[in-house]
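Following are the structures in question.
First chain A sits with chain B, and in the next complex the same chain sits with chain C.
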Partner chain A sequence: MTAAPAMENPRRAPKWITGALLVAGIILLVVLPLVIGSTNFVRLLFLTLLWVTTSIAWNLLGGFAGQVSFGFAVFYGVGAYTTALAINGKINPFLAFVMGAVAAAIISVLLGLPTFRLRGPYFAIATIGISEAVRVVMTNVGFTGGASGYRILEARPFEQFEHYFTALALAIIALVVSAKIADAKFGLGLKAIRQDEDAAADVGVNPFTNKLAVHAIAAALTGAAGGVFARYAAFIHPNGVFGFQTGVHILLMPVIGGIATVWGPVVGGFVFGIVEEEIVASFPQIHLLLYGSLLILIIMFEPGGILGGVREVIRRYRGRKH
Partner chain B sequence: MTLTDFASLLVSALLLAGIYSIMSVGMTVIYGVMKIVNLAHAGFMMLGAYFAWEMYARFNIDPILAALLAFPVMFVIGGAVHWVLVRRLPHSDEPTLQSLLLMFGLWLLLQNIGYLIWGNTDRSIFTPRTLSVVHVGPIAISTVRLVVFGVAIACLVLLEVVVNYTWFGRSLRALIQNRYAGLIVGVYEDATAGLTFGLGIGFAGLAGGLLASLYSFDPDFGRAFLIRAFVIIVLGGLDSISGVALGALVLALVETFSILFVPAGYQLAISFGLLVVVLIVLPGGIASLLAKMRRVA
Partner chain C sequence: MDANINGSILKVEGLTRYFGGLAAVKDVSFEVRRLQIFGIIGPNGAGKTTLFSMIAGALIPSEGKIVALGQETTGKPSHRLVKIGIARTHQIVRPFRALTVLENVQIGVYFGRKHTNNAATARDSALEVLRSVGIDNLAYQPASILSVGQQKRLEIARALATQPELLLCDEICGGLTHSETGAMLQLLRKIRDNGTTVMYVEHDVKAITSVCDRIMVLNYGRRLAEGTPEEIQRDPAVIEAYLGTRATGGKQ
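Let's look at the complex of A and B:
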């Protein structure tokens, strides 16, 4: 029992493997776009990285803390609109992203204060209501152009790589935050809340404040992603960034990849990003069918998602060898 | 506002409450027996609406009759869905996220099937009845709404009879009140749950068919109604069938009379916002509020 490595979760891959994979992945993501360089390829990677960021963010609340939310489009939208307004107000775009993140975090606290009194599925249902209410309000308010959308004017040339590396940096930040939380006491507290709120409260974990905190962190990351997207797209409208569909996408990715793990949402984000931008572009008629059946299959057969499935395969393979 | 205006609004709220209760009652029975929040309800409502439309467009069957025909068809589909998917979910006394996500996936699936078959153009059912109006004194009432209201109420009464006076209804009530006690006295859970799921989906189809006579619809039809159904069943106390009528009446009154104070564009935001408020302030529904008031008094 004295040796620390023996205490490690046997389901986890050894540290040096994850570390090497991470470094290789980042190098690949830096080099590949520079080598290939086609605008379309960089765009695909850019959007995928934004999806990965939101996927990781959703998993903080939905995976680690077990609070399923259909309402992350609210934070994506708030981040996008805040950034858009700030950039049009001649504020440095990177400061604008931070403002978007902060605004989303503030909104998340305001929404969390009442809704975190609800548990599990009731919280999930309330988030559907909130998301739709916010979208309806945003299609009606005047100062952001309502339903006709909002245009961002930046007085400098469009640099695709600048956008791309912003998204890459954001995704890495999100991954680091997620990994740190998973290892920290805070993460353990969230895990306790996921398993049993009352028991967590009994051992001194305040479910309410912990949920508020992780909600704010997740919202900030989602809001920043919304901001980066808004600057790239230069045009946003409520039915896009605030759309129910956006919230659905953000929820689907971690579920596909593997909920409540550090790497699951990353895998889910990449799979989803590539499927959404490439396959769906070729078969737009069946994308909901694809996601719907995937969701049903995952829930029925492999609640661990892709990552859980891969782990299962590895465990069986090892089991046979011994 | 004149008295006539007030009476008109009151009547239209009442008519709205009828259709609202029929669209929520299916969710309530499913929640009551299986503790599943049926997000796919919206998808089945959409199928019901298209069923009524197809019947009307192809065979020239009266849309109201077609909505009634949608019930048995959707009943069978619901039973099949229960047999294939829902039956395999682990039992629970509380709604699980697993069931929530499963039903959500099913909803996405149904929506896409809708898009594949019917495309994304808005459809509507237009009959001579659509624009006709009945005058009761100074109040004008839309005929089609009146008919829909009548059918909805008749079906609710029928459901009430089935629930109260048949063997199936007794099993259903037993499972709603206490699943374990029900199992001990020999309620055949699988069959009852399957029939209940069919019943719930059947009512979703019926409600969709009836709504098709009132509103235009596309494959995404039902999302706004789904959220309204949530408000209603929470107001009604989640698993109470008679509570549904009360919840529907409250929501219909709020929606109808809010037109006086809030611009119409924000109308949907009211019902969505109400969902959150009701969930937080009145998690036990109106019944718990009444009980609390009685205790205070």
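Let's look at the complex of A and C:
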């Protein structure tokens, strides 16, 4: 038995609108760099796309499943170092990205096994501790150069557009994965876990295994982004890719854009990626303070982020018309 | 009725749970037969919720054994019990408020006993369950806007969506009006008639005696009596537990 179309869920935007937006966005992201072409512009867009990817990835665990993690720098760093080691070992860079993703996913399971026994703020605190512990270990590990960093030596010449389109492809993969999960059984189970873990278990959802699974997917995407970054930068160091700041940035973007939605993290990633350059350049001493203030303002006044704010405006506008 | 149909679906043996030194439930044994509505009553603090929680997999027993649907379920988490065919409702409703009513129920179909990955199947079965409990008109509303009575129905719908053979209901009539209570009890009978055994915990004596086939009375964590509603209402020990002993002219 199927319900009449009039009974469709009225809260969601029609599919063709999101589809058209997606196609237009991708075309723009393909054409714009080719037209403008300035190295600096392409670099900015490249980094932004990596942020979009990690933002989407974080939202899978932090948004849909409601498990707030400050530790995503671990996956970014593991992906970056694994890729770097692989490329220096003469492995094809694209295979190296996959290796970075797999390594990050494996690490995520190892970290999830103990930490997913904790709930809410206790889980969040544990991820802070783990992230810092991993950073400290990496600054003291010899074979990757410790705190002084690790250099990637690639035999091929540097081709900026190749890096850019790799990042674009990865962001699109992340978005497709996120959209598929949001619509599927898996996503519904995660949303149930976010709202009431015990009630979710009472209707048959295994909170522990579902959290482990989404953690692994999120870690793989984040690790791949770290790998793509490492190859581009050709030099990585623990205080960068494993930095606590990296983990905070990855968390901040989906919160800015709109948590637990498919498009919120995309919006947040773009806004953050583009604005961050400016903020760091103009206010190098207080840019972290600005992020902190922004986070407090969003949580106090618009927990739905930018996307939530826009939806609210549309809702009010429609309400006035009728 | 056929003895096979009315075989045991739940058997509890010597179940005990301590909180610190205090035994909230002490050495309770009973058996629920298929297609019964089995009631558990008792005054406040008798251990009803503790007993219920242990059977529903929310609390690990200190001692004792639970056998349900032919297998030992002692200490198994609730998501495993659902796969076996045991679902529960909550005394204080716990809907997934940010999801629609339909999505709430769909989760039960997706992850229930006959779990499926097919979205269309999950949707159709969920709508069917909503129709059977009488809130299908609210399918696309967010669960947060439902009234208490509707939320209690959603609790039942969500549990039924997992297609349980044994439904554990915790005080589903609490906070309902007189007519809502009547409708809810009617719904319980319908669920039983459709082939699901019901174990029903309640402190409202009137509600439970009108709907149950068999009743067990708990007092101070122990089994006080068990029988048909008529037997229970006549039992002197039960009357004493609920009303106290007759005053004896001021003498102790």
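Methods note: the second predicted complex is superposed on the first by the 311 of 322 C-alpha atoms of A that agree within 3 Å, B and C clash if a C-alpha of one lies under 4 Å from a C-alpha of the other, contacts with A are read in each partner's own complex, and residues count from 1 in each chain.
Here is the rule we go by: contacts are C-beta pairs under 8 Å (C-beta built on N, C-alpha and C of every residue); 3 or more make two chains touch, one makes a residue touch a chain.
Not measured: the values here are computed from a predicted model.
Participant: So, A:Ala201: does it touch chain B (first), chain C (second), both, or neither?
Facilitator: second
Participant: Pick one for A:Leu21: touches chain B only (first), chain C only (second), both, or neither.
Facilitator: A:Leu21: touches no partner chain.
Participant: Quick check on the superposed pair: does A:Ile299 touch chain B, chain C, both, or neither? Answer first, second, both or neither.
Facilitator: Only chain B is touched by A:Ile299; chain C is not.
Participant: Please work out whether A:Val30 is in contact with chain B alone, chain C alone, both, or neither, and reply first, second, both or neither.
Facilitator: Neither: A:Val30 stays clear of chain B and chain C.
Participant: Residues of chain A touched by chain B versus by chain C: which partner has the larger set?
Facilitator: Partner touching more chain A residues in the overlay: B.
Participant: Contact-wise, after the overlay, does A:Leu188 reach chain B, chain C, both or neither (first, second, both, neither)?
Facilitator: A:Leu188 contacts chain C only, not chain B.
Participant: Going by the contact rule set out above, which residues of chain B touch chain A in the complex?
Facilitator: The contact residues of chain B facing chain A are 37, 85, 88, 94-98, 100-102, 104-113, 115-116, 223-224, 227, 230-231, 263, 265-266, 268-269, 272-276, 279-280, 283.
Participant: Hey, which residues of chain A end up touching chain B in the complex?
Facilitator: Interface residues on chain A, with respect to chain B: 66, 68, 114-115, 117-118, 120-122, 124-126, 128-130, 132-133, 136-137, 139-140, 244, 248, 255, 285-289, 291-296, 299-300, 303.
Participant: For a test of understanding, state which residues of chain C touch chain A in their complex under the given definition.
Facilitator: Touch residues, chain C against chain A: 56, 58, 77-79, 82-83, 87-88, 90, 94-100, 102-103, 106-108, 110-113, 115, 117, 119-120, 122-124, 127-128, 139-140, 142, 158-159, 161-162.
Participant: Touching residues of chain A toward chain C in the complex: what are they?
Facilitator: Contact set of chain A toward chain C: 1-3, 7-11, 183-185, 188-189, 191-192, 195-196, 198-207.
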